[in-house]
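Right after this note come the structures.
Both complexes shown next keep subunit A, but they swap its partner, so subunit B is in the first and subunit C is in the second.
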Partner chain A sequence: MTPFYTSISKKMFASNEGWPVTDLIQYLFNGLVAGSIFAIAAVGISLLYSVLRLVNFAAGDFLTLGAFITYFFSVTLELNFILSIIISMLAGMAICWFLELVLWRNLRRNKAGTLALFLVATGVALMLRPIIQYIFGTETRRFNVDILKTYDFFGARIPQTQLIVLIFATISILLIALYMAKARVGKDMRAYANNPSLAAVSGINVDRVVMATWLISGALGSLAGVFQGLVQGQFNNAMGETLLLSFFAAVVLGTIGDAYGALVGGLLLGLFMELSQLDIFFGGVPSNYKPVVAFAALVLVLLFKPEGLFGYRSRKV
Partner chain B sequence: MKTRRNVLAVTTVTVATIAMLAYTVPANAAGVDLKIGTIHPLTGGNADYGIGLTSAAEFAAESMTRAMKKAKVAGSCKITASEDDQATPAIAVEAATKLVKSNKVHAIVGPLTSGATLAAATSVTVPNNVVMIATAASNPSISTFKDNDTLFRTYPSDAFQGKVIAKALQNAIGKEGTINIGARNDAFGTALANVLTSEWVKGGGNVGAKVIWNPDGATFDSEAKALTDKTPDAWVIVDFPDTFAKVGPALKRTGKWDPTKTFFTEAMNNEAVIKTIGLDVMAGSKGTAAKSMGFEADKWKAARKTAKPSTKETFVDASAWDATVLLCLAAIHGKSTKAAVLSKSLRAVSGSNGGKLIPWTKLGNAIKAAAAGQNFTYQGAWTTAKFDVNGDTSGALFQIYNVGTDGKITSDAKNDIKF
Partner chain C sequence: MEAFIQPGFWIFVLAMAGIYGVFSLGLQIQYGVAGVMNFGHVGMMAITGYAIAILVIRFQWSFWWAAFVGVALAALGGALLGLSTLRLSGDYFAIASIAFAEITRYWILNSDGITGGTQGTLAIPNPRGFGGYTDQPDVILYWIMDRLTPYLGDNASRDLAILLVVWPFFFLFLWISARLQKTSWARVLRATREDDDVPRSLGKNVFRFRLQALVIGSVFGGIAGAFWAVQFMLLAPEDFLRIVTFYGWMILILAGATRVKGLAIAAIFFGFLYGATRFVEFWPISLLSAPERSYLRIFLIGVVLIALMVKRPQGLFGKRQEMVLE
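Let's turn to the complex of A and B:
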């Protein structure tokens, strides 16, 4: 005779029988994976805005570049995959460092406003796209990893690559949070974001703060690109620009300029999109309306908290 | 002084007369210089198709110009610019704007996709009264699109393909089987998914799940789950290669999807595409695609290979050849590059008004007939167009293809479906 608890647990975890637990696990996992990538990319954007008042419209293209550089080292040159990711992050940092030295620093010295900086960032994005296309082509690329392997977790299918992405993304998110909270430069960045003039007169090395912001942003952009390429299984030169809107939505949801907020905003956005497909939401929202759900949630949040989820805390700091 | 004045007056009158004559009378009364632009995806996931179609259009223009010289019919037929739309509607609009405003083309061959075609037509070619012949756009709404008779296509409507997939499914799983449909969220995907749903239900079948995905989605695992939650008798996927390269692995990871029970559409009818997506995802699948119903299609392929040896071949290339040849013949027939004349003459040379058959192998004869203003039926390498009032071709031929375990695509002509 089958024990009672076995029968119940079988029912609960068999999605076809109408019990939502397996579905919930599956969509929760999918949401966390998507959300963690949004979060990592959104932190870079948010940090740049908080420190430099720069809306980095080129963030999506840095993401694409990161994926392609990793591909070049890991697939074309057959280097170790982790090493290739590190090289890609270093390359992202180097490009951001270079752009800071030759472009952004001069624009700031010339008192360029937020709109001017935004337009220049858009110009950088428009230049990066054809450069990426010219160097790497437009063909669909694929990392040398097994994207089909899955693990069974209470009936839900957990892809190996996505699990690895989720673990490493979580570690990265925790490290960023820790860095911002404990490291000297992290604290300086928060202080500078809160009040640049006061931070400058209190002895904070502004150039070091700005450079650190760019380096973190460049590294995170590359990392998010690799993660996205792994999650999708394949990628092409249009990968980053198609996700840009979601990144900015995550930034706005978590309060513009608040790095912690961007982390939470990204995760929530991913969860909203995926969980909306659960049957309990009016029989499941059709997948082509996922962005509608996410942006409706964003609008709702902004209606009640126009400054974003972490707006109050930001003002208080 | 008086003599000098007279000389000046005579010279002025002579120059003015010559200038007027030059402006009003062409160098040769039969000569029309037709400028054509092409719009196809030359980069991105559909680039294989776009490059093949562009090359075929160039081959057609070169062949026509040579044949015109040989037939001693003045004028020319040139591809003046080939634009890349990346199969994206917004970029197609930019490409069409450049062709019409900067390159001043008289007609456009392309785009490849329905979304790009409808966008370019709405924003550019219809308002500017420029004739456009789409080469692989299949959305049924193109037929009824208000285009002032400027939009044509050489590829059959999905009103046909919906029926073909339904028929292929009936043969595979019976009339009352259950299918799950997955489609991309654009003009091509949603329209074909709707036509298929209607045809399948009308025939007595059931649709278990219909999942429409956004090609720009960050992940596709939830869509794959929705498409496989209830196991159907067969799946139908309406997608382009670049998106399915992401959806396919997600479907495979569900552990419930079976590619051998899956039907695709024409976009996967290409071995290079199968290789890119991966054999572990595509092997054993089937699909439907329009097929050349042209005259001696294999001979055309061989001729193109000789003329353009470096171009990779796709199944639909000849569609752009026919579109270009028909435009050139129409310009010769109407002795004009004006849209209204081209539209009228496109029907006169494509067989809509009847007339003797002239195959693509006898371009010289077609050119002479067009120059003489005759109605005739051009038999193309892809189709015998016989454009109807909507600018659609009058017939269609479809094949059912199979993807082998080695990635090779095969089809049996016995299973072809003709309309």
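Let's turn to the complex of A and C:
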């Protein structure tokens, strides 16, 4: 299992030469790229928690699935890359739609408890992983894009793919925020998350809200997976699973259940993880400990501010 | 189908069942009695296993002292985890406990000089050159094998010796756990599982009771780690992935979270699943390669978890009304 953090980007683009500001710019850029992907994945997890009280342990594997489906259509079948991404998002939505119909809806009717939701989500992850492995194999894959082209920005090296990912991820984040604020379903979602019974009596179709939440998280999972695959340069079937706890850290940091908070939490966590490698932080955290930075951030937030950055102390945690 | 009638297969299945049975007994005390959802249980196994390997190989300790200290360290790990995060509510604690296990694993993975890193315990720096850590327990295991060989021939394997050592311990622990369930201590914990405020109003320190359950469970996780270390004779970081914790959870849920005796049967079922996807050669399993089979095992465990939670959340032996906790 290759930790994504030792991706080629790190080896290729981290340089010891140049002035110190170069390093800062480099890590800021890397942090923004990583953070924007965390944000997209975290918002899906956070929405599911706010609406269903479900900690989605399968979220990581939906990322992997998205990356592999995009790979299949764009590299194996040589379709247009953007079209492939859209197909993979639709596939992610379709799987979430199916699981909601056959699985989650029944569990809700049976008033399943926290543990049941935990274990079923884990079960989904455990089933999804071998399926991905069986269909797409264990080999390391890479998208058919030019990962070598870089731009020079004050000595920092900005790879073209990462720049494109950052731009598209930023657009996606803005669209998600806009959707949550303005669209009918987005508003219903927030209403339902706030007070399910009140939302139900005021005429909100609960099943529709839940389904919309699943579809959004399915689409965002695939999208984040493609972005992550692009940024890493190469990926295998352990990609999403490795990242899962970092997403949870982003979700908790931005207040669990708060979609806007998850966006901010994701960005902050990405920046924090990258900047922790700068020399000024205890001589810099070695890059293979980067996941530990995320886990430690998760534990520290849980210890000292379990309500997250945007929550109220009064909330029972 | 031949493998199913070979004694070697069933011996392996039962040996694994015993080890994972002890492992899930820890979860049973944590969740079944105290309602603590620990998803980082594998961390305790890793701590004890690696403590034994490092102390024996590098520092030339006796295996028995190393095992004792290893289990104590697992208990300490449980105490640290609990003291820091057990005040959080269920789902927060579950996430924190996974983070605990993963931090442990990443530390093992990246501390080559101490743990051997990715190469596992074989690469632990050793003053005597190459060395294992099972020499002392092996004396006992081989003694058992020598006694049985006249009667059983080739079937008197190391697996059988392990089985004969592990299962008496497993039954002893099951008996202790069953006794524990009848104490007033467990009654308080069962009350906290349903509702925090009632025991609190009786002056019970709920946090301390839960912490005790977590530590006791961690001790069982550590003991399972010691057995595991002896059974496989070398350890590597990928032996302690998150999935192992869910092996334990599957056994627990299969048995019914509050059923102590069901654990033995559920553990055998798990051992069968583990062994069958590893050794058995018949269609359609024979179409799969070795790594694909390990994935088949993970897939089947996912299926069992989902099927149980949807159809029979109280497990095979549990009572429905005891399962509806949250």
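Keep in mind that, in the parts below, the second predicted complex is superposed on the first by the 276 of 317 C-alpha atoms of A that agree within 3 Å, B and C clash if a C-alpha of one lies under 4 Å from a C-alpha of the other, contacts with A are read in each partner's own complex, and residues count from 1 in each chain.
Following the convention adopted for this analysis, a residue touches a chain if its C-beta (ideal position, glycine included) is under 8 Å from a C-beta of that chain, and two chains touch if they have at least 3 such contacts.
Remember, predicted model here, so these are calculated numbers, not experimental data.
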- Taking the superposition as given, does A:G233 touch the first partner, subunit B, the second, subunit C, both, or neither? first
- Query: For A:I147, is the partner it touches subunit B (first), subunit C (second), both, or none of the two (neither)?
  - Reply: first
- Where does A:F248 make contact in the superposed view: on subunit B (first), on subunit C (second), on both, or on neither? second
- Query: Which of the two partners, first being subunit B and second being subunit C, lies in contact with A:P291: first, second, both, or neither?
  - Reply: both
- Message: In the overlaid three-chain picture, which partner chain does A:R109 touch, first (subunit B) or second (subunit C), both, or neither?
- Response: neither
- Task: Applying the touch criterion given at the start, work out whether A:I37 contacts subunit B, subunit C, both or neither, answering first, second, both or neither.
- Result: first
- Could you tell me if A:K182 is touching subunit B, subunit C, both of them or neither one (first, second, both, neither)? neither
- Query: Looking at the overlay, what does A:Y27 touch: subunit B (first), subunit C (second), both, or neither?
  - Reply: first
- If you lay the two complexes on top of each other, which residues of subunit A touch subunit B in one and subunit C in the other? 133, 138, 286, 288, 291
- Item | Complex contact set, residues of subunit B against subunit A | 43-45, 47, 86, 185, 211-214, 216-223, 225-226, 229-230, 241-242, 245-246, 249-250, 252-255, 276, 278, 280
- Query: In the complex formed with subunit A, which residues of subunit C make contact?
  - Reply: 31, 37, 39, 84-85, 88-92, 94-96, 98-100, 102-103, 106-107, 109-110, 238, 243, 246, 249, 253, 291-292, 295-296, 298-299, 301-306, 308-310, 313, 324-326
- Per the touch rule above, subunit A residues touching subunit C in the complex are 1, 53, 55, 103, 106-107, 110-116, 118-120, 122-131, 133-134, 138, 245, 248-249, 252, 256, 286, 288-289, 291-292, 295-296, 298-299, 302-303, 306, 316-317
- Given the complex with subunit B, which residues does subunit A contribute to the contact? 15-16, 23, 26-27, 30, 33-34, 37-38, 133, 137-140, 142, 147-148, 150, 157, 159, 162, 228, 231-234, 236-238, 242-243, 246, 270, 273-274, 277, 284, 286-288, 290-291
